[in-house]
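For reference, chains read A, B, C and D in written order, and residue numbers begin at 1 within each chain.
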Amino acid sequence: MSHKPEELLAVTLARLIRARPTRHIAVGAASPIPAAACWLVSKGGSPVRLSLLHKRSGNPFTEGTRELFDLTGQGRIDLFFLGGGQIDGQANLNLIGTGEWPGREVRFPGSFGSAFMYFMAGRTILFREEHSSRVLVDRVAHISAPGVSEPGVFRRGHAQALVTGRCVFGFDPARGRFTLETLHPGETLENIRAETGFDFDVAPSLGETPAPTAEELALLRGPVCDEMMETYPEFCSRVFERKAAA
Amino acid sequence: MTTLEEMAASVPDGALLALPPDNSLPSVALAKALIRRGAKGLRLLGVPVSGFATDLLIGAGCVAEVQTSAVSLGEAGFAPRFSAAVRAGTLKVVDATCPAIHTMLQAAEKGVPFMPLRGLIGSDILANRPDWVVMDSPFGDGERIVALPALSPDVAAFHGVMADSLGNVWVGRRRECATLAHSSRRVLVTVERVMEGNFLEDERLAPGTISGTYIEAVAVAERGAHPVALLDEYGFDANHVAAYARAARTEAGFNEWLAEHVFTQRAAA
Amino acid sequence: MTTLEEMAASVPDGALLALPPDNSLPSVALAKALIRRGAKGLRLLGVPVSGFATDLLIGAGCVAEVQTSAVSLGEAGFAPRFSAAVRAGTLKVVDATCPAIHTMLQAAEKGVPFMPLRGLIGSDILANRPDWVVMDSPFGDGERIVALPALSPDVAAFHGVMADSLGNVWVGRRRECATLAHSSRRVLVTVERVMEGNFLEDERLAPGTISGTYIEAVAVAERGAHPVALLDEYGFDANHVAAYARAARTEAGFNEWLAEHVFTQRAAA
Amino acid sequence: MSHKPEELLAVTLARLIRARPTRHIAVGAASPIPAAACWLVSKGGSPVRLSLLHKRSGNPFTEGTRELFDLTGQGRIDLFFLGGGQIDGQANLNLIGTGEWPGREVRFPGSFGSAFMYFMAGRTILFREEHSSRVLVDRVAHISAPGVSEPGVFRRGHAQALVTGRCVFGFDPARGRFTLETLHPGETLENIRAETGFDFDVAPSLGETPAPTAEELALLRGPVCDEMMETYPEFCSRVFERKAAA
């Protein structure tokens, strides 16, 4: 069955979620693709609690905006998603900008809660559709949140993986390095090397990112889309070809 | 009770003014009134990030400094006047991270000089915050942790749903506004309407109420959060914000937008 | 949903069990069920003080230790079984002061290893708390302040007004129960009734709701706070507590009271 | 006009309240007399906010029981009332008990918030009706809350005065000593010395505690009693001879 690139990314993220025990996921990024992946896991029958911070109606919290951070501080958030204007080979994230501090060349919106969440969530999946040497750099201009920490600094989790529009990298916090795990259809190792500003290892098992199954696509286009229509109508229309009821 | 324009007049130039972002009851009405009064040199605090009202105030030249964890128009993208001011070097930006701003306000709420927060170490945010200190855990377990100083804004402003006869304000589940009220020296609140009675005597309303103890002044400003959503009262006006984002790409476009949406409102009022 | 007796069975002997006092939604029903199941060696935490339920559990021999800022029956006077146990030396008492207990729970809520609190220095409470540490302010201003360690109760129990289909519980303004829920490893809640729907989707109910995220089990126990008041649901039964206080002056009187008010309830149920 | 001893105590406390600027008073003690004094000040026309923690219906707080302590930490509570099982000449308070820690001889209920409130309220009025050498001791058996603090310890306020059933003492935190200011009717300096376990100074102006004025008594028996009926019916009946409506 043919599928959209966003559908491949959603099922890829969903597989990474299912790869480790996951009771509670918070999705704070504005991107709908991690949200689709979470719903895919949930609708696929895994008992997982989702706190979707960009849901338009409702709101899982009653202590105001600090509750997400407290919840994560308590160790109750097993998985969070982060992106970044720049991501480097040690999984450092830059959400500040480029040029002189605080981003005199290009200013990004800011770090949000990344400088806390990246340490305190059980693990983080890094997600950035754009895969270019502009985004994936050897060394970020400014560190919003570091990929690894020194001894004596409490850290509950690290990056599990980096998923881009071209491939999936795994991350080893002990070595502070990414390993290329799978290539999306049409990509080659040479191409990834050319488009990536940082050095990385290559998995001996390097293969193609598995395509969505028919079952996954049916879930995505049916019940997952149903859940996402209110918050992401434009995305649902474009990717799942579903129009909102008038 | 006071009026919106009197409330804006009571905010002195240079004040440290705390504003919640677009998901958390900002008083866009008061931000516009501050622009009309020609406020200068404001130091804004995003609680914990900043949105539409902050971009307006920056564009109108009211702001010297912003301390925040991000400035964004959400789905409408980067905040154009903030971005332009950073590029031009006319705005001092003090970067933070969301839970650090909550923690600094909670320290002030609790009357302690600081609170610790995990994370942060290794971030350049910390490297650029001489007021944040890395300390050793006092329990001798070898943990290094950041101590954040208490932060008491000079003025906090937000938009509640309703006030009662005694000056109590109902904000529902947006309890960050309560923490903000507790930690600030002065609290100014716009509301949709004023109701008879005492919310604190009603067990159904009390949990979402901020006691008048903390509130200096209340002014009615109908649709005072617009274009931002107000709980279940009205929704987010995405078209309005998108049109603003387009107009405010240039200073001229921003000024036209202000003339139409901020300065003509006074004539109409 | 579970039953009261199953809930009591799930609390292991020796657990650190946090209970709110008589003005703050104690589950007297669960305390009685713990007595019926013959719980032993419980370490009780008063949040931040202790009342009727704690005196019952102490009198029934369920308690090895109580950490609290006071144990009292309010206008009915000293807690008789607590006083007798202290005199007999059969109860370990770990004294605290109210805001210190709130602070230790808030530290656990926030996921930090400690929080500072002013006051305390010069008090013998501090002198008897080797787990509380005096530190110098990390800001080099010469202030000495107490660092209190985070405290995560093994089990927290309280009585809410109602639960919804998703396990969210409404406690109204008694937000100390929310802090307690956030900071505890397991949370057991008795309620008057269960309602259809999702309180978190209702802007009027959400502010007084504790999310089911934090709650392990809910059991219905009608009038489960009695003789203590439950918000505007029912009032404080002063006669019942005064009669208890008189009966419990002696161990024999206490045991008669238990036979009538705790053990016969099971037979009736 | 004749008056009850409780009425004298209430007007005496009210005068101490009015003696210093007071915007917000919290009353946490179970005794109704400080509450009556606060209402007397308020009904007498002073704009003062009262947080009466033992009010049966209603509750001024929406953050649960921590809000009183936070409010006081913020410096918003100008005046608090405290008592104690024992009070000594340095204004140390014992709410723990006597005998070996934690009160093996006589155990009091406990310290409540005293170890914080005594430091953080703008000032404290100590109130204890029983005036005997059993209560007013040279040195408390255990200190719940100290009367004075060392340099380097943040302290916003101290005891303003100690009011008992026999007299009024002022307190000087710099010297850590009480001064006998006024004697209630029928008391003598010698009697106070005999009944007080601690040494104290005597004000050169030592006189009699002023009796309630007719206006004060009218306020107490009228609008103050109206406010207190719900919370303290027994007290209102006994002191103001007012019965609750059936």
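Criterion: contacts are C-beta pairs under 8 Å (C-beta built on N, C-alpha and C of every residue); 3 or more make two chains touch, one makes a residue touch a chain.
Just so it is clear, the structure is predicted and the values come from calculations on it, not from any experiment.
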{"item": "Pair exhibiting more inter-chain C-beta contacts, A-B or B-D", "value": "A-B"}
{"item": "Centre-of-Cα separation between subunit D and subunit C, whole angstrom", "value": "29"}
{"item": "Distance from subunit C to subunit A - Cα centre to Cα centre, in angstrom", "value": "41"}
{"item": "Where subunit D touches two or more other chains, by residue", "value": "59, 61-63, 69-70, 73, 120, 154"}
{"item": "Subunit B: positions in contact with at least two other chains", "value": "106, 110-113, 117-118, 143, 145, 173, 175, 178, 206-208"}
{"item": "Overall pattern in which the protein chains touch one another (line/ring/star/complete/other)", "value": "other"}
{"item": "Touching pairs - complete list by chain label", "value": "A-B, A-C, B-C, B-D, C-D"}
{"item": "Touch list for subunit D against partner subunit B, complex", "value": "24, 49, 51, 57-63, 69-76, 120, 154"}
{"item": "Parts of subunit C lying in touch with subunit A, wherever the complex brings them together", "value": "108-113, 178, 182-183, 198, 200-201, 206-211, 213"}
{"item": "Complex interface listing, subunit B residues touching subunit C", "value": "103, 106, 110-118, 133, 135, 137-139, 141, 143, 145, 147, 149, 172-173, 175, 203-208, 231-232"}
{"item": "Touching residues on subunit C, where the partner in the complex is subunit D", "value": "23-24, 47-49, 68-72, 74-75, 78-79, 82-83, 86-87, 89, 93, 95-100, 102, 106, 117-126, 128, 142-145, 173-179, 236"}
{"item": "List of subunit A residues in touch with subunit B within their complex", "value": "30, 56, 59, 61-66, 69-70, 73, 95-97, 101-104, 107-120, 142-146, 149-150, 152-154"}
